[in-house]
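Two complexes, one shared chain (chain A), two partners (chain B, chain C).
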Partner chain A sequence: MTLNVCSAAVRADGLSRRYGSTLALDEVDLTLERGITGLLGPNGAGKTTLLSILATVSEPDAGRVSAFGLDPRDGAERVEIRRRLGYLPQELGYYRHFTVAGFLDYVAILKEITDRRRRAEEVARVLAAVGLERRARTRIRALSGGLRQRLGIAQALLGQPDLLILDEPTAGLDPEQRLRFRELLSGLPGDPVIVLSTHQADDIAAICPKVVVLLQGRVRFAGTPAELAATATARVWAGDQRNAGAHLSWRGGDNRWRHIGDQPPPGAEPVTPTVEDGYLLLSQAASEQ
Partner chain B sequence: MTSSFPGPAGADGHVGKDLLAGYAAGTVGPVVVWSVETHVTGCAQCRSAMSEHVDGERLARNRSVLLARAALPEGGPVRRLLCRCGVPDHLLSLLAATPSLRRSWLLSVLGVLTVVAGEAAAVAHGWIGNGGHASPARYLGPHAGPAGYLHPEALVPFLVVAPLLVLAGVAAAFVPMFDPASRLAVAAPFHGFTLLLVRSVSALAAALVPVVAAAFVVPWPGWLPVALLLPSLALCAFALATATVLGPRAAAIAAGALWALPALLLAEADVPLVIVQRDAQFSCAAVLCVCAVLLFLRRDRFDWGWMR
Partner chain C sequence: MTSREGGPAISDADSAVASHDPAGLPAPSRAPRMRTVLALAKVEASFLVRSLLVVAGLLAGGAVVWVTIGSKEPLWWNVGWRIGAGQLVIGMAVLAAAQLAVGRARRNGMTDLYASFPATAGTRTLAHLVGLAGAAPASLLLIAAADAVVQLRGAIGAPSIAVLVGGLLLVIAAGAAGTAIGTRFPHPMAGVLGALVLFLSSGQSHLPGAAELWLYPWESFSDQLGGLPGPLAGYPPAAPHAVELAGLAALAGVVALAVTVTSTRARGGLAAAGTVAIAVICLAGAVQVRPIPTGDLNQLVNEVADPGSAQRCTTASQVRYCLYPRFGSLLPSLEAPVSEVLALLPARPAQPLTVRQVVYLSLPDSTLTHGHLNRDVSRWTARVQQAPGNATVTPATAIYLPVGNWPAAGGQLADAHFDLALATAEWAVRLLGPSGSLSGGGGMPCVPLNQAREPVAIWLAILATHPPAGELQDGLGVGTTIPAAVVRNTAIRGWDYPGVGGGYVTPPGGGPQTTAAGYLLASAMTRLPQQKVSHILADDWGKWLNWHTTDAQLAAALGIPMPSVSTLPAPANGPEAALCTT
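So, the complex of A and B:
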């Protein structure tokens, strides 16, 4: 399943990856164009494996990847991809004794920004972007989880990457920080290719023009958030009572029950589905296969 | 206090608008800059007028850069010395992430060396017994040396541990489990093999210095410090080369076993010094050469990373 073949900046064809007996990726085809693409899926769906392959950190067992026409299997082209890459791994470790500025300085050097003055400019730029200017001298061990996540996002922005791969960037961020993160991504210059994985369907709906749903190592949906929501049309209802026959049924903040299922519960009326509804139905269908 | 402006001033003795704009934009010459600054320092009216010409955004950005630059790590006297010797500043910054170059690690190395070398020295000086072993002449023959040299079996802990300390320092520099941000290094364009060499060579040097120094302290004939160099280098080269085949952790363990097992077996056979004597030195030289070639040929494995 592809998003847009014509303007694809990043392309994956038939990617498979196995860990022992577990098939993490099963012939994944994907094309990403400039702009933000959200990768949605439950734990163990293969999101992190897919992103690490796109980030040239690990190799697929089968299939191939290209980014900006470059093939990571070739050493020189792999380095060229990395020069244009910003990567936030899911579980980024930190040197706890480093200061915030020191850590960013270290990553800037890894990104081949060797001139001290330019490094300072880049560090200042990304610190301002994530709102950590006043923490430049703070040791990482003294940062909260949310601040560390912002530091992780900051290091990914060093060098103004053309391809930004963010593995669960909003994990650990409070609501205000999540909004600021959305603002930050929306305002990045140069229209980079951004792919972010998340469990938060509202993040996808808010900032991603495109969404890919990965379930059990396979791409189950690729399209716009509106199209994902539309897959649940006429399958979401609101009522005053719980419906035991629904796939999912929960009471919302308005004290009414929201049902997702194939049959309308008695006395319930259809409601406009959300991205989350579409995702839940896809997930339900995949688990029944 | 307000002073009359000596340069191309406005009619009222203050700095003219064009000049202020030129000063703010950085387009005027140094003499005019000094003149403007001298005047503006004492003239509230011109300071106020100046603010209209200043690009606030640019000023804030410059301030952020200055603050960030001030926050970048400067390092201690060793780093400054190395910088003066021509080592690039950014390479020294990379070393800050090497665990075996941290003070706590180096102090631990010194602590271990103090224990094993101290034990040997204590036996040599008769402060503690040698466990009823035979006299040194049995092992050393003409190398027994003057009175006061220790029994060789007392040297076993030092012989076993010293090269392993060097190996541990190098292993900590390249095994990903010691590097919490290793994924960032893998995904970065900085050449992985260069990073590996920079870290490993620095860790090697940092560990070899105290090991060799301790070997001088141990009461034994003078060739021991030199005899430890080749085995230490060979072990580290073996670990790095086999890491391209076995993976880094298994390679470090294999290298440790490659030294510890024969050293202990030879000690058990009452010939502990054979591990650093001539034949062993030739073996170490051969291992070092083969591993160096293998490491060079397989250096690309460090470029892809350890994630497979």
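So, the complex of A and C:
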């Protein structure tokens, strides 16, 4: 499935990647344009593998990627892609004895920002962006998990990248931090290409104009959040009782049961589907295949 | 999952994309790769400067230098290599710190993030290598501190730049080795093991016993060259060793970079650099194991066997002081105690005293004589065995001072002054000399048992140098540390004078074995008015020098009771010493 967009900045064609007997990616085609694209999928769907290939960190067994017209298989062009890249891996280690500012300064050099003044300005900018400016002198070992995650986002923002790849950036963030993160991404200058993977469908709904659902190594949906939600139109109901015949049935915060299925449960009323409903329906369908 | 973690080869990435932007995007303002290397190196260097490991290495290295230099007269041709021993300790710390720095990303789970940066693994490794400059301050600080201490203690000779630079290069080479290890093995133990190997490689340098010992990373204790009266030109071979260390540093750098490059061109370049480094190491090694020229060894043996041929002699108060050319500054320190004793003497022996520097040199020594004919080695060995420093017989008119053993300052200098004063006093009372010292069996010192001249000599030495009373008293020993000698199957309680084991005056033990009775009577004499004692001694000086005149006679003449000396248990079948009878 190909996302039809104009002026595609990043393109993946027929990406496949296998780990032993496990097929992590199965002929994935993807086209990303400027703006935020959310990547939804359960654990093991291949999100991290796909993002690491897009970040030029790993190579596909088959297929090819291009970013801004550059081919990462070519050493020089790969470096050029990396010069335009900000990447937050899913599991990021830290130099615990570094200070927050020292760590960012070090990463800035690795991103080839060698002018000291510019580096200092850039570090100050990203610290302010993630709200860590008061922690600049704090050792990383003294930071909580959420603060470290913000530091990880900050390092990805260094150098104002054209391509920002964030693997589960909101993991570990509290609700207020997540809101601030959404705000941050929405306000990034330069209109970069942003890909973020998450389990949080509401994050996608809130900030991503586009969403890609990856299930079992394949792209199952690519479109807008509204289109994803629309896939569940007339498939979601709310009622007072559990429905054993539904694909999925769970009790919400309002103490009412929400059902996704093919038939309305007795006494239940149809409700407007959400992005999460659409995603869950796709997941259910994929698992039944 | 990471592949091509380092990205492209060091040399080809930047140039290829300098003006290439297929997407038509404005190219970000980026620094050339070398600027990235330098910026990163600056950070890594600052880490190294502040590294606790390196600071600890500096302190430990300083302690090694302090201990190995000791308080002996600092001879630069010896001290320079001892400073290098301290550099070896710093090098071990730098090796471990460099390995930790290079393996940092892998240990902290940042491999994927690093792989997304435009700075390649090659760039980073090169930066780590350049950042080893951060180890230089510790190395230079050690040199500066040691230099200050050595100068303060009255340095003899001049420092060898090649030796000092060699120490610095040792530290850098160790860091490069740590970098090479870290690129392959990020676990901290790898660096510890590397440091251990470096230590063992130098700690075992005595094993080959030939010129190969110069090839070890650092050697400073296994040769005899540090105890010579001057540097032996070109040996130890400092300059080629420094070149060897530079070659090793370069080779380690090549090994470190080899794992990070992928392009054929870069690999070829590294292979060429590695080949050059190996060639340099081999060449420097070959130069180091060249035999010492025959002429130099002839001259060395001559200077050792016949010190007079090389020494300059000065006569002061009818005493000849014969010192090797670089040691003229020692003269005042030697003159003071001798003159003080002379001033107290009622009369001097007919034969004048000579105070002479001597050299201990042990031949054959394959480190020094390898590559030479056995005939020459035998000739040198025979000559050296007759050298005053190696002789077991001390002339009655000479005091020998081993080169390099005279203390520079502090309590040990006071002890050395006392020893020299005592030897002078023993010369004055005829206790010094071959017939006395060797009249016992097996070269053991003779014992002036119940001879009045012994307390007289000790009294003279005490008055000349005024050592602390407590230190003198300590020489009596307690419990199992009581010094003793066996004369005529009787255990005689001895007395160890201050600095007896210091080897300031030679041959050690060649003078008489001082007795507790002699010291105690001398101590009692110091409590009498000096004029009274001097008057009684001067009245019949010849009598007091006679070995038949007893302690009791001296005590009676002075009007003091004989000090009591506790008896010692009957000895087992130990070696017997003889009475001093000259």
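We take it that the second predicted complex is superposed on the first by the 288 of 289 C-alpha atoms of A that agree within 3 Å, B and C clash if a C-alpha of one lies under 4 Å from a C-alpha of the other, contacts with A are read in each partner's own complex, and residues count from 1 in each chain.
Note that contacts are C-beta pairs under 8 Å (C-beta built on N, C-alpha and C of every residue); 3 or more make two chains touch, one makes a residue touch a chain.
A quick note: this is a predicted structure, and the numbers were derived from the prediction, not measured.
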{"item": "Superposition on chain A - do chain B and chain C clash or fit", "value": "clash"}
{"item": "Touching partner for A:Tyr87 - first (chain B), second (chain C), both, neither", "value": "both"}
{"item": "Contacts of A:Glu77 with chain B and chain C, given as first, second, both or neither", "value": "second"}
{"item": "First (chain B), second (chain C), both or neither touched by A:Arg256", "value": "neither"}
{"item": "Touched partner set for A:Ala128, first chain B, second chain C, both or neither", "value": "first"}
{"item": "Which superposed partner A:Thr99 touches (first chain B, second chain C, both, neither)", "value": "first"}
{"item": "Which superposed partner A:Lys111 touches (first chain B, second chain C, both, neither)", "value": "both"}
{"item": "Which of chain B and chain C A:Ala120 touches, first, second, both or neither", "value": "first"}
{"item": "First (chain B), second (chain C), both or neither touched by A:Phe68", "value": "second"}
{"item": "Contacts of A:Arg34 with chain B and chain C, given as first, second, both or neither", "value": "neither"}
{"item": "Chain C-contacting residues of chain A that also contact chain B", "value": "52, 55-59, 75, 78-80, 82-83, 85, 87, 89, 92-95, 105-107, 109-112, 114, 155"}
{"item": "Contact footprint of chain A on chain C as seen in their complex", "value": "1-4, 7-9, 12-17, 20-25, 28, 30-31, 35-36, 38-40, 43, 104, 108-110, 112-120, 124, 262-263"}
{"item": "Residues of chain A touching chain B in the complex", "value": "52, 55-59, 75, 78-80, 82-83, 85, 87, 89, 92-95, 97-103, 105-107, 109-112, 114, 116-117, 119-121, 123-125, 127-128, 133, 136-137, 155"}
{"item": "Chain B - residues contacting chain A, complex", "value": "61, 64-69, 71-73, 88-90, 93-94, 96-97, 102, 179-191, 195, 300, 303-305, 307-308"}
{"item": "Sites on chain A touched by chain C in the complex", "value": "9, 19, 49, 52, 55-59, 68-70, 74-80, 82-85, 87, 89, 91-96, 105-107, 109-115, 155, 159, 162"}
